[in-house]
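Each of the next two complexes has chain A plus one more chain, namely chain B in the first and chain C in the second.
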Partner chain A sequence: MSARVALAGVYEHPTRWAPDKTSSQIMAESARGALQECGLALKDVDGLFAAGMEMGAMGVVQLAEYLNLKPRYVDGTNIGGSSFVAHVRHAAGAIQAGLCEVALILYGSTAASNAMAIGTAGRAGSDPAAGFVSPYGLTTVGGYAMAARRHMHLYGTRSEQLAEIAVTMRRHAALNPAAKMRQEITIEDVLSSRVISDPLHLLDCCIISDGGGALVVTSLERARDLARPPVQLLGSGEAVWHQEIGAPDMLSIAASQSGAEAFRTAGVSHDDIDFAMIYDSFTITVLLTLESLGFCKPGEGGDFVSDGRIGLGGALPLNLDGGGLSSNHPGMRGIFLVIEAVKQLRGECGDRQVEGAETALAHGTGGLLSTLHSGATLILGRDR
Partner chain B sequence: MPEKYVYVDGVATLLRHRGPTTLPEVAPDTRRGEVVLFLHGAGGNSGEFGAALDGLASDHSPLAFDMPAHGRSAGLDSLGSIEEMADFARRLVDKLGLRPLVLVGHGLGGFVAQAFALTSPERVRGLVLIGAGAHSEVPAEWIERWRRVTEGKEQRRLPLEGFAPDTPREVFQRAFPEFLKTDPRARYGDLRAAQGWSAADRLAELRAPCLCIVGEHEREAATASVDALLERAPTARKVVLPGAGHEIPSEQPEALTRSIHQFLGELAR
Partner chain C sequence: MSGEIRHPRPGVDWETRAYWEGCGRGELVLQRCRACGTTQHRPRALCVSCLSDEIEHFVASGRGRVHSYTVTHQNQTPAFREAVPYVLAYVDLEEGVRILSNVVGCAPEEVKIGLPVRVEFTQPAEPAGEIAIPRFRPE
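For the complex of A and B:
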């Protein structure tokens, strides 16, 4: 990478239930939070990046109008929940190319108070393959459940191992005052919660909340003059993965491509990663992502997540905010992966702080594993 | 129907009213007749009072709101106690600058209304209690069922105990979408808040006129609790609605409105 780029400001909207707000309002409040944090104002923003559940084709244009903003660079790429992770990479490219200087990345949604059925809804029917799949009733959770069942079939992975992920995320959420679900749960609780799509139980699935957030990306040089310690973008990757069920393989996911590129461009190894923020739409998402990113071999994910390895104090703590399984999941969650990673690297996470964290990985997944999905990976580091 | 958000201690609270809409931070016009504030039941929301608001609006100033974490108000958990809920209602009344009013409470809302009236008698002109008596008698198995729902061990289903036998389909069609608007955690918290609550010792102090509206098919324990209230509160009287269960606002909105309307007329005399 040429000129270095950094995250200068982040803001996670504290709401989890906002029936009195619109998604635009949540984005605007988040923008104010992130800009104020680093000492910038809306007038400093010249790049606008956004995607959303409630945003149509002209969504970013409408958002610019809502914010009374005239950016010289806009990007409305929507590759599902991972979009905002990819936006950081896109922003870095634009900043390095001189196309903008201060990029604002936004997400906001009232998925919960609008009673959106996200995981149990059918697959959107506009792509050519959907016409052959939708009539059989595949849902979002169904796509993930197939991958989970396949993993169990091939490698003997057990529901208890998937449950370990949900239990760990809840333990982290209990340390996060803003998390939606904070009451600790046990493996038994996960296994005895009702089955949503076999083999995934209710507590294997992310929650649905309202919420949003904002990221401010600029050059490392500029970020060093701002109010908060900058967090440097060390490397990144993005990928979109197969259209057809089972091709090339249900367990081969986009993270294998985006992760390899992120590690290559960052020039770091897996051992350098102090903690990771892994998109946890479902417990199986985390397990497959860890394997595909190369933290363990295919089939070893079940053992990898056991014995406290992914909890605070473990070898690779994951999703310290409680993740989508327990803290918040307003439909698309990628932005929160980056926000928590930045806060952790700045050392401002209190009870849930990973001590001495210097390097982090954030990986977002969008769409449905087993079919059409995307992956975006960032490797972030403290400014040294 | 006009709805607006009122911020009570920072909680976005959905308020339903009638008459002209008003700008944010401007209270609706409540100059007509009696000010009537509706309090919904456990896990409910103010949507159940839509017909009653319509029916009273020509002569009075009816208002209804969603408790925190219910319906379309902000918040994630039940306030957790009847007294907290009464305090919240009082702060809403302060915020709106309402004159002394009539409280109409359904089920748990009826307990909240009693707690409000016993603590601030000077602010309450009358009470209407729908399927609510002197004390709560929440069966332990209801609480257990909703605990299981909050833990994902049971699917949430519209509780049918509250409806009279032979309830027509349209009533369920109205009640079901309202039921879905509240997180099961809030209902669970409400039921626990109601558990063991009693005003029986204090009811002799109740000065405001009180109308108890009870469905013919109300559960026996609840009917007994209403009779206990009538024994202790000298100002209370009872009407029984034939054919109704506990969900009177959904089951018989017209009959409910008529009873309230008549009660309000008597207050004025």
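For the complex of A and C:
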């Protein structure tokens, strides 16, 4: 059994609109927040992990320079929005192997104030691999919409059931003072919002905001001596999946692989999970992720998300911060899944707190469902 | 009614040239591994099953069925901004590979999963002579 690892500090940058900040600045301010809350300083950091939409090929090196850090371990893995969930897993491996002791994981973006059309711009450029995509007008929303269409075709899933997810996330956002969109919506509001890529409506899509965050990961032993209650990493998994060759089932996603490994390594069952943070780039993302993680069978996601099950007070509350659909989505959102899970497990979430939460699952999806995508899953628990 | 899609011209390199030049001749060209028999798309130098470089090209039937699709109503890219609504689809080809493309030649609401379709070829927005863009229309 390797040494246990914990989240010692977390920080969600409060900004949702930052035309006066750079993405590096948001990362540095987030680093300050996470280090301060657990009583560490920049000089304690010896592992640096980051990915970003505004970071180039040597982005993590430039970030180290910005922070005046000389880490002995770096990881700039970018597998899309799930990157930061995977970084926690990578950091755990590095800490257990003695390659670093205090890992700092960062994200920052000014996606909204830069007016990035993340969901509705055509994908990819003119390189030869992209040539099989770019002539046809694939958008991010379009990739997810094809998965939604197929799910509806095979299982009779209805737009009302997808809308239930958006409505629930908005209800949670109303309880989160930092969330960007806090006015409650109805299923009818979702269905009557304009169609972006059929069958997905505007309100089936995540928002675009600015923002960022930071995570501090270290050994459980060291975390116990720091200022905040540690949250233990119990298990993890990651996966990269794709389409086209062998024409696999479009609706079976990377989460099925990463989730199975996370449950196996954590040694817990689905019934042990008190709440989950599921990347909600689009409503369909949540539904397919729940199925692929095994919370329900393939095709049953529509029923699963209905009847209040995924709301605060339900059997499996999801995305208590309001998620990417309502709280924040600065291009890549994985880091916020971990931040909210940690805060919930520490019991600091006020009106949106899941009472007595002890075990949580966080799952990030990166890339585009139905094309190239990644999945990363963590199972986290209160220190006992 | 929507405007025509102005298909951006794809980049072509030596791994993909046979595919795009096949399209230019009006043929949908796929790859098969001589060592293990795997059929693959998109084209590459090595077999995705056994890493053999004994790759041969063959002309596919051009027929398939819609695996899934979406009617795109918003795309900020100039080439597609005026083409909306257009149908983006995955087509399962008879040869057992899946290809991303557009379905044209019918109203978007007539497209269904399972719809039999056949390939057609059109020039990209900047005509390229030797290559063409494959897309599909109902049989």
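Simple rule for what comes next: the second predicted complex is superposed on the first by the 375 of 384 C-alpha atoms of A that agree within 3 Å, B and C clash if a C-alpha of one lies under 4 Å from a C-alpha of the other, contacts with A are read in each partner's own complex, and residues count from 1 in each chain.
The rule we apply is simple: a contact is a pair of C-beta atoms (placed from the backbone, for glycine too) under 8 Å apart; a residue touches a chain by one contact, two chains touch by 3 or more.
Fair warning: this is a prediction, and the values are worked out from it, not measured in the lab.
Of the two partner chains, chain C is the only one that A:146 touches; chain B does not reach it.
Once chain A of one complex is fitted onto chain A of the other, the partner contacts of A:120 are limited to chain C, with no touch recorded for chain B. Annotation for chain A, partner touching more residues between chain B and chain C: C.
Contacts of A:134 after superposition: chain C is touched, whereas chain B is not reached. Of the two partner chains placed by superposition, only chain B is touched by A:17; chain C is not. In the superposed pair of complexes, A:194 makes contact with chain B and with chain C alike.
Applying the stated contact rule after C-alpha superposition, one finds that A:384 touches neither chain B nor chain C. Comparing the two complexes, residues 194 of chain A contact chain B in one case and chain C in the other. Within the complex, the chain B residues that touch chain A are 5, 12, 14, 69, 71-76, 151-155, 180-181.
Within the complex, the chain A residues that touch chain C are 117, 120-122, 125-139, 141-142, 145-150, 153, 194-200, 243-247, 250, 370-371. Residues 15-21, 113, 115, 180, 185, 189, 192-194, 201-203 of chain A touch chain B in their complex. For chain C in complex with chain A, the residues that touch the partner chain are 5, 7-13, 15-16, 20, 40-42, 48, 67-77, 79-80, 83, 85-86, 88-90, 92, 96-102, 108, 113, 124, 133, 135.
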